[in-house]
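So that you can tell them apart, the chains are marked A, B and C in the order they are listed, and the count of residues begins at 1 in each.
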Amino acid sequence: MRKLFTPLAIVTALVFVTTPFLIANAPYESTMLLIQKIFYYHVPSWVAMYCGLAVCAVGSIVYLFKGSRVADRYAVSAAELVLLFGANGLISGPLWARKAWGVWWQWDPRLTISLLLWLIFGGYLMVRKYGGPGSEKLAAAVGIFGAAVSPFLYVSVNIWRTIHPKTSVVPDIVANPQGMAAPLLISMLAFVLLFLLLLNLRVRLAERQDALDELYLAHED
Amino acid sequence: MNGSPTEVALDERHAAAPRRGTPMFVRTALLVLRKDFAIEIKTLEIVMTTLFFAVACVLVFSFAFVREGQAPPDAAPAILWIAVAFSGTLALGRTFERERHAETLRALLLAPSPRPALYVGKLLGMIVLLALDEVILVPLIAFLFASPMFDRPLFLAAFLATGTIGFAAVGTLFAAMLMRSRTRDVLLPILLYPVTVPVIICGVRGTAALLESPADLPTATMWLSILFAMDVVFLTLALWTFEPLMNE
Amino acid sequence: MRGSQPDVGTFDFNAVDVNEVSRHFGRRRALSNVSLTLRSGDIVGLLGPNGAGKSTLISLLATLAAPTSGEVRYGGHLAKDAGAALRDRIGLLAHELYLYPELSARQNLDFFARIYGVDAATAVPAALERASLADRADDDVQGFSRGMRQRLALERALLHRPRLVLFDEPFTGLDDAAVSLVSRRLIALAAEGAIVVVATHDLDIADGLVTRVALVRGGRLLADEPAATGLRSRYRSAIGAA
């Protein structure tokens, strides 16, 4: 793990340095102009959040059924990153909405789903913190159910919204790329790399904490 | 070894007491259900308190939403499902408090029955309890909001059944796993409500579709099928994760 | 692996091997490299002060918890290989008694008998007799005194004639008559071939009852030897309690 950190950090830094130039050179979207460019920051946050969700779910399953401490370390680290990148998206989203359409929150499906997932994984961390001894397993169950429910969240919230359409609609950028695809993909790459970097750091922190516990135990002998 | 009798070979007298077949999955689940029923029938404590709470819930929401004698559209299905969710959460806490009181769940886990059967027994009890609630709540809400709840009774029953099963499936698992937690009372709603939001959405919007005039059956069917899929996923996951979660 | 677990009722053992078992929660070590062997006919006194790890060891022996390292073997088999059939041979009684207070004595016994696949029609009346509760059989347990509940809980734990009998502090709050009743029962069980483990911090009661002593303190096994008289004086300093 430690060996991966430096090359990963370098690559991440490089991508982050070059991405703003790509974003600046990307064409303006017709109605929102400069404001739309928050999109290159907002959407990749979701991508990183869902990466965290996947890692947490898999780590939770492996921990619950195999008792692997390594898996548990990945699960808790990923859950924290879900909250981090989710918060990123939940702040940039309303900022964008306010500037673009004058309203902070309009129950946009993606924002709503992310808010719920944020709550679920916030619950994951609450259980670990306040659940008492043995709460890592309980949290693992929350992680698994959180991941299992996300497709249903996606379907039900989307249908829930589109059956009652609001007047302002999120522009469908995928339909007209116009040179926005490349900066978007690079931005996504940047955020995924950042996710992996932070995951690496956080897992190592958890490793150190577990090693410290082992030392305490050994000291008693 | 000094002082102990010579090692006894697999002793007939100790090998088995008189037995009547091995408890299977279904037998265990039904035994647990019957036991909970036997406890409840003596005082009706959980049934009555949950029911009164659900009715109180309905009234609180009614006072919050009704203006000049009129409720907003779709208030009826919304209030129905919220009342079921809130009273269900309380009932879950109370049911497992009974198993925690003398640590009887530990004794059940020690028995040779398959552990998921214990979960199913508890789940069935929960479903029956919530069904009793709904039997009272639906006419009450139809009455208070002049809502045509009984126009399509079978469809409505299907919604209530699948929604209740979905909610109870997750709730029973979470309530059981939180039993040893000091903060179980507050953690249960924190964990349960976000995860069961799709159940609420499907239940409310599906019921609302049924109550439109004329009833929007294709939409209702769509919501119902999502609910059904969720039930399958939740039940499978709960049965799969129950045993590892119950190990100390 | 699951398919090869023995059927309930076909599995039995006459020795339990605890092998370098440790159990810890974060930084707290509950048990540390405990090894001992329990044999059929033994009455093992698990002695030690509060917090020594006795209850943790009992939980591990009962298969309700798993060790963080080391293993417990029942007749050579691990708990996860023997599965439900192993649980069928284990009886546990702890301080909490595992009785439903809202149900009657008969209903409690009936429920657990059926869960264990024991013929309730014969086993329950016999158990009520042995507990001297036949006349109070249909009264709710919540109206029982501690001694009555203890007798009932004892019979409930033994309904299925377990091979491994685990009692965690069974004498708390009992008067002398009740204590001698429980002690006589344990001796009879061991004579029939059961493996009896009694965890207690009361040295006076253990004296004369147990055939072997396993001394636990701070999660560690300090001594494992045949019992002799004068437990209190011999172990008082080791346990450090009055």
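The rule is short, and it goes like this: contacts are C-beta pairs under 8 Å (C-beta built on N, C-alpha and C of every residue); 3 or more make two chains touch, one makes a residue touch a chain.
What you are looking at is a predicted structure, and each value in this text was computed from that prediction instead of being measured.
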{"item": "Most widely separated chain from chain C, with each centre as the mean of CA atoms", "value": "A"}
{"item": "Identity of the most central chain, Cα criterion", "value": "B"}
{"item": "Separation of chain A from chain C, taking each centre as the mean of its C-alpha atoms, in whole Å", "value": "49"}
{"item": "Intercentroid distance (Cα basis), chain B paired with chain A, Å", "value": "32"}
{"item": "Residues of chain A touching at least two other chains", "value": "134"}
{"item": "Interface hub residues of chain B, defined as touching at least two other chains", "value": "247-248"}
{"item": "Contacts with 2+ other chains: residues of chain C", "value": "none"}
{"item": "Residue numbers on chain B that touch chain A, as the complex places them", "value": "170, 173-174, 177-178, 180-183, 187, 190-191, 194-195, 197-198, 201-202, 205, 219, 222-223, 226, 229-230, 233-234, 237, 241, 244-245, 247-248"}
{"item": "For the chain C and chain A complex, residues of the former touching the latter", "value": "24-27, 29, 32, 218"}
{"item": "For the chain A and chain B complex, residues of the former touching the latter", "value": "64-65, 116, 119-120, 123, 126-127, 130-132, 134-135, 137-138, 141-142, 144-146, 148-149, 152-153, 155-157, 159-160, 163"}
{"item": "Chain C partner contacts - residues on chain A that touch it in the complex", "value": "133-134, 213, 216-217, 220-221"}
{"item": "Chain C - residues contacting chain B, complex", "value": "7-9, 12, 14-15, 39-42, 59, 62-66, 84-85, 87-88, 90, 92, 94, 96-103, 107, 111-112, 114-119, 122-123, 140, 156, 159-161, 163, 190-194, 211-212, 226-227"}
